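The letters A, B, C and D name the chains in turn, as written, and every chain counts its residues from 1.
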Amino acid sequence: MAEEKQPLNREQMAAVLAQNMGYGWIVNLGIGIPTNVSNFLTPEQEIVLHSENGVIGYGRLAGEGEEDPDIVNASATQSVTLNPGAAIVHHADSFNVIRRGMIDVTCLGAYQVAPDGSFANWKITTEPWNNLGGIGGAMDLASSAKQIYLAMDHQTRDGEPRLLEKCSLPVTAPSGVTLVVTNLAVVAVRNGKFILEQHAPGYSAEDIQAVTGARLEISPDFRRVSV
Amino acid sequence: MAEEKQPLNREQMAAVLAQNMGYGWIVNLGIGIPTNVSNFLTPEQEIVLHSENGVIGYGRLAGEGEEDPDIVNASATQSVTLNPGAAIVHHADSFNVIRRGMIDVTCLGAYQVAPDGSFANWKITTEPWNNLGGIGGAMDLASSAKQIYLAMDHQTRDGEPRLLEKCSLPVTAPSGVTLVVTNLAVVAVRNGKFILEQHAPGYSAEDIQAVTGARLEISPDFRRVSV
Amino acid sequence: MPRPRIVMSMDEAVAGFADNSSLMIPGFGPGQPTNLLAALWRTPATGLTTISNGVGFESADEDLKGLGDLVMAGRVTKVIAAFTASTRPSRTGTAEALVANGTLKAELVPQGTLAERIRSGGAGVPAFYTPAGVGTETATGKEHREFGGRTFVMETALFADYAFIRAWKADTAGNLVFRRAARNFNPIMATAARNVIVEVEQPIVEAGEIDPDQVHVPGIYVTTLVRIPVGGVLHINRASGMAVRQTA
Amino acid sequence: MPRPRIVMSMDEAVAGFADNSSLMIPGFGPGQPTNLLAALWRTPATGLTTISNGVGFESADEDLKGLGDLVMAGRVTKVIAAFTASTRPSRTGTAEALVANGTLKAELVPQGTLAERIRSGGAGVPAFYTPAGVGTETATGKEHREFGGRTFVMETALFADYAFIRAWKADTAGNLVFRRAARNFNPIMATAARNVIVEVEQPIVEAGEIDPDQVHVPGIYVTTLVRIPVGGVLHINRASGMAVRQTA
């Protein structure tokens, strides 16, 4: 009997991202689902979390009573804890870490992604360039991190696909995405293709392809997420 | 009866430089005679001494028993004291202070100077550009400080003039010198002219002009140095 | 420069702020010069060009009036920021309408480019190259250039008439120390403005009491120091949204 | 990157140093990685490109063998420095002869430009503009450009295979703290090399024992830590010219 369809929630998506971190990586977590990743990393992974605001080596979100008003992650509002060995630098030095290419992976939220590794996450209209939007550090991160992981809902609220043959919104970077974690699937982005690696409980490859705006190649290792 | 001719020694030249510092100036002292200036500044002048190596707010040369091996001036070997309120920055940040134009005056040694404010202090030959020499921070300082004061002997050891209509050695900067203190004279550099302001004890304007390779205009206020 | 002046109130610190000035405003969550901004709100200053991470929103609390309020009151001519508009449709409206009707100019800059442009302004470096934004709308019209087979865009330095700074500690020589993530844009903005006005959380100590090795901003950059007085805003409690105030 | 490895000897720290590597060497008086350089001297490494403030002179003391000795032994192919030759005619001869006969290349760089090129290498900035050297021989052949009516030259970033660093304190996460003017080029060179090997004056402490606000170089940049052992060189007594050694 087929398992009941159960999309991943935000914490589960963050947990999947955490599973895809290598030992000792330097990782930047963007606003949204990614900032939750810090709660799912294990000490054995020896991950160093880097934040745009210059906090290097932070840990999980601060619990009640643990909040220090001066220690926040990339959201600028979520309090986090510092791990032993943390260091603080100023904003320019923080982006030096990024621009030099030291970030092994940046995890970002996104509106759209395409098989060429391009993605869009800073502007919700296709109006001509009008200098309005919220870029934050996403473009710096996307242009210089070794990999880009995205966390996003598989479809818009209106049911439109977000995984597309080509982004229709202005892109944040023309390439670089290697992994997309959605509420329905885990999709690798390799050699100009979307490769469907994992599915949320109860979803078949056909279910996922039906709500995807680009062709999905099914991985030989296609399996249910384990979170 | 004429006073006996008495050229200024290095300490006296440093003292003259110190007299020409304005209240609250940020001052960089180069290797040689200039580093001695720190011993002649008064607390009332509220001068902040800046060194290329990132020491901001140092004081006089360290006396015996006062030397800290980690606190040196631009010579990289002379130990100096720190004034209350001193701060240390790294080498790039130190040159940011210079490049931004915050140095009110840089005091440098020199081989040659001309009335256009150009000077030479980094290379003793006119051989074609061969990438040999000792520039140190002089070019950065010369290009960005508000004023350049030079301290130098009036003549070479061979008796050749060092104040010339045009530098024959490769220049450190094509302009910017405003004051030249030599063992014989204090010469202002203004509007493309050398203006003879002060003389060492016993030296007449004619004596000084005779060993100078450019025309000296005599200041209406021409007088004996007071050090 | 002589030592910074030390004044006793925020209003005194911002007195004489000239119309049509440019102003750097640090802060990324913590590290915002909240009290100086509220004092600026109380002056008639207008025609501002601001440089900040984001533009922010309006506040009903007079003590928390900030950039969002100045923008909405039409006192800002141009914003240079990494967030010039909300990415959430539900919150759209802050500055967008003003930009649409031409009363506000916006310059949207990737955050790392923004930081490096500020740092360059403080470093006497007029321009530099960065890979950020290549292949996107933000690189539109910018000069592109290859180095080592990779494409970069040229970006130019930012320098302002004023910087408002929030420090944790300061001494009478103007040396500043920041705490944790409240550091963010503060050290670089403090080097990239002609007038650097600093609100300080802790009592201002005598020169010599801060270890020279631990200074984050040398005092030569600082024009004015003012300690946050009793009742002044230290930070915002994120749970309640209420101001946490200086008590002693 | 995982935490830096901590080794017990200088020889172990530099083991495997590859021929034809580029190497950053800090120091401006204090702050030189004396012990690592002496250990490098003991390896067969050759064909070096070095980046440092000056080239220095030879030393008779095996424990003080450094860049000057490597240069004179023909083990350096190129020096990039603000002092490539002595300005004193009486001391001419160190590297000049090697340059003259073509066995050594030299690149003479104004000191602030050198610092900024290193900092840019660590910042992922491939090139920038500076006013230093405009109108002099050092700007020969460089691209000139006007910004705001003033002329600047373009300079490119430096990045090396190795940096040898001298720190005052370090923790097991690799965080570094420097003391006074021994800081100089150390923090920027530590960000601008693939392999960052650090000799440390004080005992290496546990991660967490250095206040995050007082770290000068975040540990993520550091590859290898080695404490200066008993008998190792701490600094040179300037009066006697003798090495002052680690005693405990």
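A few remarks follow.
Basically, contacts are C-beta pairs under 8 Å (C-beta built on N, C-alpha and C of every residue); 3 or more make two chains touch, one makes a residue touch a chain.
Because the structure is predicted, anything quoted here is derived from the model rather than measured.
A comparison of the B-D and B-C interfaces places the larger number of contacting C-beta pairs at B-D. Farthest chain from chain A, judged by C-alpha centroids: B.
Centroids of chain A and chain C (each the mean of its C-alpha atoms) stand 29 Å apart. Centre-to-centre separation between chain B and chain C, using Cα means, comes to 38 Å.
Averaging C-alpha coordinates per chain places the centre of chain A 57 Å away from that of chain B.
Of all residues in chain B, those that touch two or more other chains are 82, 88-89, 92, 95, 98-99, 144.
Counting partner chains per residue, chain C has residues 116, 123-125, 130-131, 179-180, 183, 212-213 touching two or more of them.
Under the stated contact rule, the graph of chain-to-chain touches falls outside the line, ring, star and complete shapes. Pairwise, the chains that make contact are A-C, A-D, B-C, B-D, C-D.
If you check the complex, the residues on chain A that touch chain C are 51-55, 67-72, 75-77, 79, 82, 88-92, 94-95, 98-99, 122-124, 129-141, 143-144, 170-175. Remark: chain B residues 23-26, 46, 48, 50, 56-57, 82-89, 92, 95-102, 144 touch chain C in the complex. Those residues of chain C lying in contact with chain D across their complex are 116, 120, 123-131, 145, 147-148, 150, 152, 156, 177-180, 183, 212-214. Chain C meets chain B in the complex at residues 1-3, 122-125, 171-175, 191, 206-208, 212-213, 215, 218-221. Those residues of chain C that touch chain A in the shared complex are 28-31, 54, 82-87, 89, 95-96, 99, 105-113, 115-116, 118-119, 130-138, 140, 179-188, 216, 234-238, 244.
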